[in-house]
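The structure's right below; bear with me while I get my questions together.
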Amino acid sequence: MHKPVAGLIRIILQRLLLGLLTLFAVSIIIFIAVNALPGDFAESILGQGATAEAVNAIREQLGLNESPLSRYFSWLSGVLRGDFGIPMSQALFQSFTGASTGGEVVTVVDQIVPRLKNTLFLAGVSAAISVPLAVTLGILTALYRNTAFDKAMNVSTLSAISSPEFFLAYILILFLAVLNPVFPSLSNIFPGMEFSDRLNKTMLPALTLTLAVTAQMMRMTRAAIINLLASPYIEMARLKGLSPMRVIVTHALPNALAPIITVVALNLAYLVTGVVVVEVVFVYPGIGQLFVDSVKIRDIPVVQACCLIFAAVYILLNLTADILSIISNPRLRHPK
Amino acid sequence: MSDVLLKIRDLKIEGRSDETWNPIINGVSLDLKKGEVLGMIGESGAGKSTVGLAAMGYTRDGVRISNGTIEFDGIDLVRASAAVKRGLLGKRIAYVAQSAAASFNPAHKLMDQHTEGPVQHGVASRKESEADGIELYRRLRLPNPEEIGFRYPHQVSGGQLQRAMTAMAMACRPDLIIFDEPTTALDVTTQIEVLASIRDIVEQFNTSAIYITHDLAVVAQMADKIKVLLKGDEVEEADTRTMLSAPKEEYTKSLWAVRSFERPTKPAINVSATPVVSIQNVTAAYGTVDVLHDVSFDIHAGRTVAVVGESGSGKSTTARCITGLLPPRIGHIEFDGTPLPLSYKQRNKDQLRQAQMIYQMADTALNPRKSIGETIGRPVEFYMGLKGREKRKRVEELLAEIELEPTEYFNRLPSELSGGQKQRIGIARALAAEPKFIICDEVTSALDQLVAEGILRLLAKLQDELGLSYMFITHDLATVRSIADEVIVMKEGEVVEQGPKKEMFTPPHHPYTDLLLSSVPEMDPDWLDNLLRERGVDNLGDAAVDKM
Amino acid sequence: MTALIWIIGGLLVMLAIAWGFRSAAQKATDNKPYFRDMPLGVAFGYVLATAAIIFSLWYFFQPKDVDGVPQAGVIFFRWAVMGLLMAAAAAWVFRTIFRNVGTEGSKKLFRSMPLTAAFGVMIIIAYAIVSIFAGFIAPYGQEEILANANIVAGGDPALGGNPEFPLGTDQIGRDILSRLIYGAQNTVGIAFITTCLAFLLGGTLGFLAATLGGWLDQLLSRMVDAMMAIPALIFALLLMTIATAWAGSEAWLVTIYMILIIALIDSTRVFRLSRAVGQNIVVMDYIEAAKLRGEGLGYLIFREMLPNALAPLLAEFGLRFCFVFLTIASLSFLGVGIQPPKADWGTMVRDLSQFINFASFAPNVAITPLLAAGAIALLTVAVNFVVDWMLHKSSGLKE
């Protein structure tokens, strides 16, 4: 039994390494992108009216006087230590008031962590609703394919996929907040609020994300199951006189696991993107909104950090899908 | 209770395509007695599998039984409820599919799948069924019967899986088993073992069976009586010996006659003449693994050299070396006495023109978006520089050469042609280059026998007219017998034996050649018995191969 | 809590009705196989669907206002149902016309077309016409500020409307209908150009990678892998940060940069697909035959491969277009996409979104932001319907 497990572990370690490499490549891309700012971004941020001292102070703050390579490595080593620097707004403030204010310095990490928690809560709620819903509906439509039920689901999921998140969001606001005040349309989440209250305020953004993600997930599940049901071993199971339930549970499900896991992970990765727009619509204090705000004021350290976090989550989810589907593949679990 | 187990009357089946129901089977009737084996043969599209599945009361998605009755032991399977049918399937009627590798669930061990039927149908406990499974594996002569059931399907070879599937079908001791082309995907030497074990076990348990195949020689070994189907219609049915010796219908006679095509023997080769193609000490590798070891042979003008061997023997790799797609690691190829550059990229236009290739799958060999005229016209233009009207004239000549009506086919797309016609277009494209030498890679193995025979006759005619040399790659010895002048036998990347056809088909020869030749089923119903007696029942393929 | 009890109770009652319905049907049809082998779940589905239809009918015919207070829910529901029915009817008429008019090929095409695909084709054509001829169709200019601001949609003076502005005007007095029409030109046109660019870049590189293989393939694929590890919208936002800095105060430059950025990001997806499609074709024997004939790279790619890749690439073009279109709309909605004063649907939704809150007492006011968002959704739905049909057709033909 040792050999197959060792082989499996080797494959998984390879994937993990590949994931780390990708993350490293992403950090380079982000760094290069940021350094493509015109001239020197201390100037471009402060505008033309800035005094030389102010520009210099900013430069000092952000280490702009060093070479790009050493800047990259000091940024990377900071990131590895969990230090993303300080936000531009802080740097600006300090540069105008004298470098050491003695007051509290709010770092990028301080800004991001509570918001990241909120975003993860939102994503968690929508995943908790959408995953079971999508998988159930996907299996049902695959089993009853080409019926009126399947066709109706096809049309409605296509419509949901096609709608921009903000459209879905406003429709939900219209029906569940304005016309029938079931949930609040603004999600003012703050630390220390009760769970039920928090859930209530998160519900509308979560439902929007659910709508957007469920449709895609359901269609992919359906396709995977139909593909599976067409395989000769399912026909064989039927021809052995097994009950439809048994055919599904013991013959289809073990093999459906890998594709379904992949579908779920891919769509959760998609949530990451969806979160940005939805958080803006509902003024939800998550990392997506912080990102958009930082983009607008060109707060580079925050933008960099958010980008890296989004990419890391994305890579992590894809990696999880990859590894889970390797584990669930009998060919890899029991090699020849 | 009568002794008729299965009674089908006027069975009509329809399939759904283009939003309408179209007939697939137009009224088939049959009777099957207890312990009797019915062979069902026909070309692709004859509806054999559809009838076989219908005999189990089962239709695939998009297919429905529109008329007729299927009575199994007094139960009408057309009108029976799903629950009643479930009670019969697996328990009293079992199925053995063509591809065992795809029909075993990859997620479960063989034994778990074997015992599932008996346990679910309440025939036996898991323990009893497991013990019985091991016994069946032993009877089917599977190696390590105690252990093999506890492997996953992908850990077991194709021939063994096919036997394990037969064992699984036997698990509940059914009254009827449907065998749907169970040996088609196997090599000849493996096929023998599977055939012998299937026949033995069916006899031992006095099971009735419907044996579906396109191979006449196989059905001759397995069946008590034979039914011939053609495009969903019943052609005729008779006792096996009667059917083989005196078929009534024209269609059946033509099927039988295919096997008799053979070209006259040509005079011996002038040894001093320069061969058209000479393969000299070629060793080739994919990556770091050598797949060809020191292969040498000559192909002379106007001759057909058949290269025979089972899958993985290096036949196609040899062809890739000759065409320059896989430059050999050691050795080289000579054409008309001058060495060719190893890679096709270094060869000049004339060198490329002289050696042409015809492929096994006509579907992938023709660009589906190009009309026949364009496909054949391109080499005419590319090599001969003909354009416009001259080009068209030449293409029409070529179409006439391959016996297709020029004006009718010029503008057609490959999807509008039958398999045999597509293969003819492939031939015309090769001829358009006016080559000296053509490689034919399994050109008939994807075709029905009648069509394949037409292609063989055409190739023979073209050789006589144009003096072409062929390298004919095939695994089918019947094809070798009908078209080859010289034969090369390959095994695991090496040439095992070579010589004129006549010598190759008369003993003595290399043990592998012997095994290969003797494994090819013949139309004689006693062939399998005789062969098994000759080899000794336990000394089947596996053993024979191991000895070498 | 009580609501939960009601729901569970209702479902149980429906389950009982389903059971009764099935046994009654079995009796009535003399045990026809369809009802005999029907699982209870399917019967339950029928009952559920029937209940939903009955409820919809009942709700549809509720009064529009009670004691002068408009019942916004009923009004919106009626609009939705009417819209759906009208769309279906229009699509049906459209399909019927083209089944009988046109060339043999197009007639055949329309005969095999489901209603959804016909609807999609119709909408796409309509959008194309509107965006090309926006200047002729729109009653006012897109940047034209008219005297009257905040006119309510519907053109009913009693409700604060004005027949001259059927969809009303926005906060600073621009005609919403005109802006919607120009929005088609700007948003759809820009998305189309972007998708074309993405295909030009990704498609060419993808085919080259598939045909040549080797180090080029490795290099490009690894680069694309790294770029695709950043979610598209996030990457776009990051690059837009830089682009806006470069563009300075030139609004039109931002748009140009946005086109380039999204085309670049999207070309990675196109690269993946065209490389995969190309690889499937490259292993075909007819490509080998052409190589052995001595054909050059250009002939191989353009004459042998491309014609066979057109169908999957066309379907992908549709999907990519939707994606690009939605990304642009999202960027504009977030305020970093197409810049004002150009009319654009994403920006319009953001600017008008506050009107939603008036829905309960003034449905006509609330509809405006939804119109722009709906315009986006309608086009993507239409394209998706057509693509879905194309994919279904090509997968069906293979069998």
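For clarity, chains are labelled A, B and C in written order, and residue numbers in each chain start from 1.
We take it that a contact is a pair of C-beta atoms (placed from the backbone, for glycine too) under 8 Å apart; a residue touches a chain by one contact, two chains touch by 3 or more.
Since we're looking at a predicted model, the values are computed, not measured.
Peer 1: So which chains count as neighbours of both chain B and chain C?
Peer 2: A
Peer 1: Taking contacts as defined above, which has more of them, A-B or A-C?
Peer 2: Taking the two pairs in turn, the one with more contacts turns out to be A-C.
Peer 1: Which integer distance in Å separates the CA centroid of chain B from that of chain C?
Peer 2: The mean C-alpha positions of chain B and chain C differ by 48 Å.
Peer 1: Calculate how many whole Å lie between the centre of chain A and the centre of chain B, each centre taken as the average of the chain's C-alpha atoms.
Peer 2: It comes to 51 Å between the two C-alpha centres.
Peer 1: Which whole number of Å gives the spacing of the CA centres of chain A and chain C?
Peer 2: Their C-alpha centroids are separated by 23 Å.
Peer 1: Provide the residue numbers of chain B that touch chain A in the complex, in ascending order.
Peer 2: It is residues 56, 58, 60, 85-91, 94-95, 97, 99, 102-108, 116-117, 120-121, 151-152, 154-155 of chain B that touch chain A.
Peer 1: Residues of chain A touching chain C in their complex?
Peer 2: Going by the criterion above, the answer is residues 22-23, 25-26, 29-30, 33-34, 36-38, 41, 44, 144, 148-149, 154-155, 158-159, 161-167, 170-171, 173-175, 178-180, 185, 244, 269-270, 272-273, 276-277, 280-281, 291-292, 295-296, 298, 300, 303, 306-307, 310-311, 314-315, 318.
Peer 1: Where on chain A is chain B touching in the complex?
Peer 2: Going by the criterion above, the answer is residues 231-233, 235-243, 246, 250-251, 254-255, 330-331, 334, 336.
Peer 1: Which residues, counting only chain B, touch chain C once they are in their complex?
Peer 2: Residues of chain B touching chain C: 18-19, 79, 81-82, 323-325, 344, 347, 349, 352, 357, 359, 361, 364-370, 378-379, 382-383, 429, 433.
Peer 1: Within the complex, which stretch of chain C touches chain A?
Peer 2: Interface residues on chain C, with respect to chain A: 39, 42, 45, 49, 72-73, 76, 116, 222, 225-227, 229-235, 237-242, 244-246, 322, 326, 329-330, 333-336, 346, 349-350, 353, 356-357, 359-360, 366, 369-370, 373-374, 376-377, 380-381, 383-385, 388.
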